[in-house]
Structures are given as structure tokens and as C-alpha cells.
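You will see two complexes here that share chain A, one where it goes with chain B and one where it goes with chain C.
And then the complex of A and B:
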């Protein structure tokens, strides 16, 4: 029974939240349109959290994802403003994220700096770089090609529901693709198996012939890549880029992964659990906004929820 | 005359983990002023019983009395207040603090003016605690992390002996100690007994128990099978009690002589901690490595396994040059390794058995080296498990839930899964019970029969003599001599380890 609550407590809480909002907002909350809207609202966080899951599987984490997302958005916007084609801007921004992540990985695995310190430092560096290259200005308006902003507004039509045309947003599709890719990587490949081994016992993994340093470096690179993708999605959604727009992503991404860990057997991160974590955060945000709860109150509630979920799972683990 | 009130009694103790019984009606009665052995195979319930006494695990049912009074031990604090002290296999120490600080951990530091830590007094008191064990080679101001594992254990023991308690519970205290250190510990334990306190002593080393303990309680499958004085009982009787059947031989016989072909050779091999060493192994041969702890055995193994920078010398494996750059390349060349500390170095405790076994062989146990094939892995794990009598629910069970001996079998399964040409073993049966030991030796024999060579580092001298064909003695980072194991006597081997001629009185 205790084990049941520990494993499924977060899911039960999630269902309770759904029931609560459906009862409070019967006309607007449990509708297909609102749900598709939620998938779009959480899509950026989903992509960044999926990337975060990769390093957290090894027991590491990356504080620089928010700054990396901002930097990627700025780089793409600047290139587009300079008249470069969209595909080139996107590609360069993704490469910037990948290289930033690789830099984190090098600091952590080759130099041996603790992830907390290394990525705290790069968080500041990436953020500073975003200000330097952009001159601290928001890049928006005619500098951004219409097609880039239209992408986030578009989607695949799903027909009509209750007389309203609904569609699956492009951003949601990207999030689904990224989650699937990370799922395959972590759950279906030898690479993922090795990451979990590193997270469980780094020394045993090393002595079992796992190239710990190289794998850690690759994992951080992928997290950086995902952060850049999240930043680009954000920039497309608001059709502009400013040097701080990714700053909220990091804490929420870590929170989502932690929420997810309360659902796994030994508290290890799992990508599908992270998905639930992201959706919990997204639904709370969506529902509370609709109930016009003040955004600062929302922050308090979300923080409290994370504490309750993680506390419940660690308390029931303590005494066997 | 009424029997004396026991110091501690725990009657009808039961405990089940998720429906699986670990203890089903075990009882333990300890009189004041005795050294009491708690015996049994891994998985018999010893650790669970100790954890219950320590207040770490809550029993399902139990009647526990201390000095005749009913008590409930619901926390480690409660156990401490009742005068129970626990010295565990897994050290709980802080390596970055000094020896003295570790000894005083959890106690009030001596103060000056009630405010500042009086380091002088602290270090002096710590020195006195060490003196009690006759330890003069450890400076209390030294960082604990700089000490060898054996020395760290000595510090732990000195700390537990600092204040007078009623009962000291020691779980494999000598596992990391040298003979001299063990002897000193035994002297102190006898002093404790003379002062009226008692010791509950857990060990797989029967000789130690026979020499040291007054009484013993034997657990098997969660029940106390027998309890009584250790006079008039033989070594073999005890073993039979523990495993529930008679054991004919401690070591399985070799089925074949080593062959002529050389599998592995090292010439002038040296690293930072290893003076030039030369040795060679033939197909089917077991080379034992003896020596006092820290004589370079670990460095030799690490050099062969590609985990240390080789500064000089060459190695060959099956007559071709062998230059491992990492454990990964060692595994690929067909060199397998069973590390000294199975929890810290051998296993990913919270992952299933099959994942642990295939961890070193994922390239071959997957599709195209990339895509996991869990069914194939589980089949392999089940096959290897059955072959070495692994007791587990199935290949998907987490290693964490297995007993120590079965955990070690998983480490062995990982090592042999790739049919290695050379197998490196470090303390392969430490903390492993008699039955599992025999199974593990059988694995080694099976492998050598197929032509593999084995290097065995062990501080268990009977094991070294029983399993090895030849034994190399290491001292101060080099091999001083290599002798035939057949007919070698234990005390001769000890003398060789101390750098004395065999035949001298130790």
C-alpha cells in the first residue's frame, strides 16, 4: 500500500487536479481545444526537460539550459535579421546549443568540475553572451521573417470539435518527436543503459568497461541541443528574441524531472515520468490562469506541490 | 539457582520484506560477559536481525529485553541509549575529517571556555582510544581518507570502544584487517568480556569464531537452528549446521593440469605504485597473489586491467602484445575482472541482475551493438545464474535485494559471460558464506578447465593455497618469490609475506 502511494501518488494527485479544474471550469477546461492549447504551452518546457532527463539519468544536472535557450534564440534572430535564410539560422542556433552543452560536458567529465558549479558558471556565461551579441535589445518586428513566427501558429488540422476548428500545433509535434527520440535513446539503446549504469554506480560502470567520460560529454551535448531547440520554439512562438526569455525554463525543467522521479521504482529519472511532470506543471499553470489566480500565488502553489510530491516519496522510503 | 538475567534477548523475531520472509521466528540470547557468535549463510537473516537490534529496521514481531526489561528499539538513538554499539561492514565515516574528529563524531567535542573546540584534548583523547587497541601508527590529526581500509576499520572500532557500552555488535570487523590487527582487536574484545560487557560477533571466518567466541547462535533461512557453547563442536559440525548439509571438501578439485601454452605474460611491468614485475600464466592455471595488505596487489591488477598508467614493461596475451588503455579495452581483449568491493566497484545495486551481467558485454548482447535486446540478455543471465546456483526470483530482480553471496555470483556472472582468456580476482569470497564460496570456486575451476588463466589476489590464505597452482608473494610493490601451492603450509606462506624464510616461527 505504501509502495503504491509512493509510486502512484503523483499520478493520483494529477488526476485530482484534473477533476478539480474540470469541476471548477466545466466550460473551458476539459475541452479538446484547451488540451491542445496546453500541449503547445508546455512544448518548450517538454523539449528542455526531455534533454535535462538525459543528464539527470547519470545523476548530473545542467543549470545552463535556460541561458542556452535564450542564447540560441538570440543567435537565430540575429542571423535572420541579417538576412540569412531561416534554415541556416536554425541550424547555427542548434549548433551553438550543442557546442555549449559539449563545453559543459568537457568541464564536468574531462576537467572534473562538479556539474552544479560548472553549469552555474556556464549559465552566467551563456546569459552574458546573449546580452553581448544582442546588445541587450529584443529582436522583433520586421527583423524576424513572418514564416518563422507563423510556424508556431500553424498546426495539423484535426477537424471540428463542438463547432470549433481544432488543430495539433506544430510546436506540440516537435515536442512529441523529441520525447520519442529521447525515449528511444534512454530506454531502447545501449547508450541509455550505460547512462543508467553511470547514474547507479559510476565506478562499477567504469570498471565494466563503460567510457564514462565520453558518454557524459555526449549527454551534456544533447542536453544543450535540446535547450537550444526549446529556445528556438520559444522565439518562434513570440516571433521575437530577447536575452532573458529562456530564464524560467531551467527551474521548471528540473522540477518536472524531479516530479517524474517520484513515480519510478528507485527514484531514477524516466522520460515518460518527466512527461507527466511537465504536464502536471502545464495543467496547473493553465487551470490556475483560467481561474485568474495571481501568478505569484501560482508560483507558491507549484513550489509547494513539488515539495509535497518529493517529500511523500522520500518519507515512505525512509523506514523499511 | 535461577539462570542469570540475559544481557539481551530477542525472542520470536519475524520480519518480511514485501511478503518475502527474512526472519521467521529467530531468537538470540546473550549473557553478560560473553563473546557470542552469530552465524549463518548469507541470506540466513543475520543482517536483518542486527538491523532490528540497531533500530534501523522495524520487526513485524519481536520480544526484546535488555537486562530483563522489555524494550522497543524504534530508532538508532534508542539502541544507543540502551548501550548497544554497532560496527558495520560499511563504514560510516567522513574521509575528509581527521581521525580524531571521526572518533568523536556524534559526541560532544571537548571545549575551552565552553565555546572553542579544545583540539589538544580532542587529539589526546583520540590517541588514548587508539592506544587501547595498541595502534601507534595512526596520527589522530591525519585525514581519515588517507588511511588504508584496514586502518579506517580500526579507527571505527576505537570510536565504538570510547565509552563503555553493554553490547558491541561487530559485523565482519576483520574483513579488512591484517592478522596482527585482528589479533589486537581480539585482545580488546577479551578485555571487554572480562569487564562484564558482551560482544555479538558476526563473521564468516570459522577459525576466528572457534578461537574467540564462547557461544554461538546459528541462523538458517530466518530461523535460529541451534544455540550453544562452542566447546565440543567441530568446524565441520558448524558448517553443517549453517548450510543444513554436510560439506565434503572446502575446495573443488581441479579436473585438469594447467596446459603448456602461455596465456598471459608480463615482463618488467611497472606503474607509479608497482615496481617492475614479471610473471606468466599458462592455460588453465591459477596464480595466487599473497602479501600483506597494500603490498602492490591492487596496483598489479589495475595495471593488467588497463586502469593504471603503465610506466615500463610489456604484456602479452595469447602471444600478441597487450596494451590495455582502459578497462573497456581490457574487456574487449578478453580480460575480465572481479573487483575487491562488490558494492562500490562491482555492481549497480539498483538495477536488475541481467543488466549488471551484460553491462560489460553490451556490444555483443545487443542488436547491431546499439539496440537493446532484453530478452536475449535475460536468457543469458538465467543460464549463467542456473549454472552457478544463483538464488534469485528471476533475472529481472534488482541486485539490491540479493544476499551478499548471490550478489558476488552476479559479479562473477558478469566476469565469465564473455568467456574470458584471463580472469582477475580480488578477494572473490570476502563476506561470502561457505555454500556460495564453494559455488564460486567451482566457477573458477570450470573456467580454467576451458583453458582460461586466473590471477587470484586474496588475504584468505587457505583459499589461496586451496585454489592456486602457484602463489606469487608480493612485498613492497614487487614479487619476492613464486612458490608451488601444492603442499604449502599456511604459516610458511605467512612467513613469506613478512619477508622471512619459511619454517621460522611466526
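And then the complex of A and C:
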């Protein structure tokens, strides 16, 4: 019973939230249109959190994902403003994210700085770089090609639902693809299993012949790449870029992964659990907005929920 | 059987609550304000004044602050559209939230801009009139120097809201045959505009050493005016009576104006007035009226030493 609550407590809480909102907002919350909205609203966080899961599997952190997301958005926007084609701007921005992540990885695995400190430093650096290259300005309006902003507004039509045309948003599709890719990487490859081994006991993993340094370097690079992708999705959604717009993603991504860890057997991050964590955060925002709950109260509730979930999980673990 | 009964009872309660819900919705209009900039002082004035009018109209107002997150503004607009509110008010650049505005338009929900920027997807944007603000200060300058003498202008034509101010000042000064525009300076604003305006003004002062050779400096916003003030004071020429004006009446400018020195006037936007006028626009549309102006202007106020401390 203890074990059951520990493993499924968060999931039960999630279902309870869904039931609650469905009862309170029967006409709007449990509708296909609302759920497609939610998948689109959480898509950027989903991509960043999926990337965060990769390093958190090893027990590491990346605090720089928000700044990396902002920087990627700024780089792409500046290139587009300079008349470069969208594909080139997107590609360069992704490379910037990948290199930024690799730099994090090098600091952590080759130099040996604690991830918390290394990525705290690069968080400031990436943010500063975003300000430097943009001059602190928001790049918007005619500087951004219409096609780039239209991408986030488009989707695959799914037909009609209750008289309203609905479609699967492009941003949601990207999020699903990224989650699938991370799932394959972590759950279906030796690389993924080795990351979990490092997370279990880094010393033992090293002694058993796992190339810990190289794997960590790669993991941080992938997290940086995902952060850049999230930043580009954000820039497309708001058809603009400013040097701080991704900053909110970092804490939410870590929160989502933590919520997820309360659902796994040994408290390790699992990508599908992260997905539930992200959706919990998105559903709370969506449902509480519809119930006209004050936005500040909402923040308190979200924080409290994370505490309750993690506390319940660790208390029952100790009792066992 | 008893299960069926309780299920029926539950359904009955649900139906009753839904009916009550709809009843309330009919009586009370649901209006939401969405802004990422609640922490900025101006925004709070808008919102408070809006809520005062909303209270008179007995609206159910939901104020949503996304704390700087513009994408979240789109998300919350989508939620409000699903919730089918009666009107949405935004305080953010509309070109950044087009996705949300389009969703609202498709659902037939009117969206209003509260100092947001004009956009075809908005019913109207309520804001201050940049042309009128520039007219206030440029006529102040012309009157103070009795329609004659050399004037230096600080402009910034690359930024449309500031460019319109320069156009009006050009027209006003051009209408006085004895006013000569000595220089039309565009300062480098990358450091905020004060330092470079000061440097540019120092050069102009050096080139015009005779007392009375510069009668006034008209600045399109407050930062250059503050830089010019520093340059004049440091050059020891504050006694010549050079009149300086700015626009926006930021706290630093108000302080300078209140001391009664060369910086004599600026123009303050009426933030509370913008909030109230936005609420009135919402009321008109909810009342079935059609608003034709894509921009609704709220009068501004000239700030001089007489009222700078208010």
C-alpha cells in the first residue's frame, strides 16, 4: 500500500485534478479543443523538460536552459532580420544551443566543475550574450518573416468537434517527436542505460568501463540542443524574440522533472513521467485561468503542489 | 437501483449548478485583462482605474499577470476564449500575440488594447496621443522664447512613436518666422540616451559660445533633455535662461523640473485615464455599440514646476 501510494500518488493527484476541473468546467475543460490548446501551450516547456531529463538522469542539472532558449531565439531572429532564409536561421540557432550545451558538458565533465555552479555561470553568460547581440531590444514586427510566426499558428486539421474546426498544432507535433526521440534514447539504447548507471553510482559506472566523461558531455550537448529548440518554438509562437523570453522555462522544466521523479520506482527521472509533470503544470494554468483564479494564487498553488508531491514521495520512502 | 438514484441526483445537482452558472453569466459580464507587465508602475494605474469602472458596471474582472512571459499571454487568451468570456483587454505589443488575437476573433470575442499598439485584430487601442504631447511642449517652447531665437531639437526618427513627436515640433517651430532650428540631433540611445545627448549638447554649446545664441532645447523624450541639462549646468551656462523641455515626465525629469531650473516642462500620460477609457470602450461594445476609431486617445497633461511634485 505504501509503495502503491508512493509510486502512484502523483498520478492519482493528476487524475484528481482532471476530475476536479472537468466537474467545475464541464462545458469547456474536457473538450478536444481545450486539450489541443493545452498540448500547444506546454509544447515549449515539454521540449526543454525532455532535454533536462537527459542530464537529470545522471543526477546532474542544467540551469542554463532558459538563457540558451532565449539566445537561440535571438540568434534566429537576428539572422532572419538580416534577410537570411528561415531554415538557415533555425539551423544556426540549433547549433548555438548544441555548442552551448557542449560547453556546459566540457565544464562539468572535463574541467570537473559542479553542474550547479558551471551552468549557473553559463546561464549568466548566455543571457549576457543574448543582450549583447540583440542590443537588449525585442526583435519583432516586420523583421520576423511571416512564415516563421505562422508555423506556430498552423497545424494538421483534425476535422470538426462540436461545430468548431480543430487541428493538431505544429508545436505539439514537435513536442511529441522530441519526447519520442528522448524516450528511445533513454529507454531503448545502451547510451540511455549507461546514463542511468552513471546516475546510480558514477564511480561504479566509471570502474565498470563506462566512458563517463564522454557520455556526460554528450548529454549536456543534447540538453542544450533541446533548450534551443524550445527557444525557437517560443520565438515562433510570439513571432518575436527578446533576450529574456526563455528565462521562465528553466525552473518549470526542473519542477516538471521533479514531479515526474515522484512516479518512478527509485525516484529516478523517466521521460514519460516528465511528460505527466509538464502536463500537470499546463493543466493547472489552463484550468485555474478558466476558473478565474488569481494568477498569483496560481503560482502559490503550483509551488505547493510540487512540495506536496515530492514530500509525500520521500516520506513514504523513508517509512519503508 | 439505489446507484441509479444517486447518479440521477448527482446529475440533477450538476444540471442545477450549470443552470445557476449560466444565469450568473447572463447577469454579469466576464472581462479579463491579460498583461505580462503588471510589475511596471504604469500598468498598475491602468488596471486600478479599469477595475473602478468595472465595479460600477458589475463586471466579473479576471486580471492575469504572466510575469513577463509573452507566450503565456497567448496561452491565457486561448483559455479565455475556451471559457467564452465577454471581452479581453491586453497590455502587450499585439504583433507578439497574434495567435491569441486570431483565436479570439474566430470566436467572436472582442479584444481591446490598453496602451498596446494599434492592430487590425483589436477593437480599439486606448493610448496617449504622441502628436498632441509634442504640440504641448513645442508650443510651450515657442511661447516661452516669445517666438524668436535659436532652438536645438533632439529627435529619434527610427522609432515611430517618437518620430511623430518630431514631426509636430518641426511644424510648430516652422510656423514662427523668427525661430531658427539650429540643429536636429539624433542621439545614440544604446546607453539610455542621456550620456550621448549630453556629449552632443556639449559640442553644440562649444560651437555657440555667445549667451543667448541658444534660446531653447526641445527633446522628443526625457532622457535627452536630462543630458542637455547636465551639459548646460556643467558648462556654467544655466544662467542664460535656456529653456529645456522633454516628454513622458519620468520621475527623474519631474525631479529636475520641480527644482525650477532650465528643464522647465514635460508631458505626463494619464495612465489612470487610459485604464478608465479602456473600460468605457469595453462597456460600449458590450452594450452593442460599434467603435470606429482603431485608436482611442486619452488627453495628456503638461508638467511644469507648478505641478511636477504632484
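Here, the second predicted complex is superposed on the first by the 320 of 320 C-alpha atoms of A that agree within 3 Å, B and C clash if a C-alpha of one lies under 4 Å from a C-alpha of the other, contacts with A are read in each partner's own complex, and residues count from 1 in each chain.
One rule holds for everything that comes next: contacts are C-beta pairs under 8 Å (C-beta built on N, C-alpha and C of every residue); 3 or more make two chains touch, one makes a residue touch a chain.
Just so we're clear, the structure is a prediction, and the values are computed from it rather than from any experiment.
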Do chain B and chain C fit side by side on chain A in the superposed arrangement, or is it a clash? fit
May I ask you to decide whether A:170 touches chain B, chain C, both, or neither, giving the answer as first, second, both or neither? neither
When the two structures are overlaid on chain A, which partner does A:292 contact: first (chain B), second (chain C), both, or neither? second
Considering only the touch criterion stated at the top, classify A:127 as touching first (chain B), second (chain C), both, or neither. neither
Between chain B and chain C, more extensive residue contact with chain A: C
With both structures superposed on the shared chain, find the angle between the C-alpha centres of chain B and chain C as seen from the C-alpha centre of chain A, to the nearest 10 degrees. 140
Classify the contacts of A:119 with the two partner chains as first (chain B alone), second (chain C alone), both, or neither. neither
Please work out whether A:37 is in contact with chain B alone, chain C alone, both, or neither, and reply first, second, both or neither. second
I'd like to know which partner A:200 touches here: chain B for first, chain C for second, both or neither. first
Where chain B and chain C come nearest after superposition, their Cα distance in Å: 37
Which chain A residues lie in the overlap of the chain B contact set and the chain C contact set? none
Where on chain A does chain B make contact in their complex? 3, 187-194, 196-197, 200-201, 203-211, 265-266, 268, 319-320
Residues of chain A touching chain C in the complex: 23, 25-28, 31, 33-34, 37, 40-41, 44, 135, 138, 140-141, 149, 152-153, 234, 237-240, 242, 244-245, 247-248, 285-286, 289-290, 292, 294-296
Show which residues of chain C lie in contact with chain A when the two form their complex. 14, 18, 30, 32, 60, 62-72, 74-76, 78-80, 82-84, 93, 95-99, 102, 190
Interface residues, chain B side, partner chain A - complex: 17-18, 57-58, 305, 307, 326-332, 337, 339, 344-351, 355, 359-360, 362-363, 366, 369-372, 398, 414
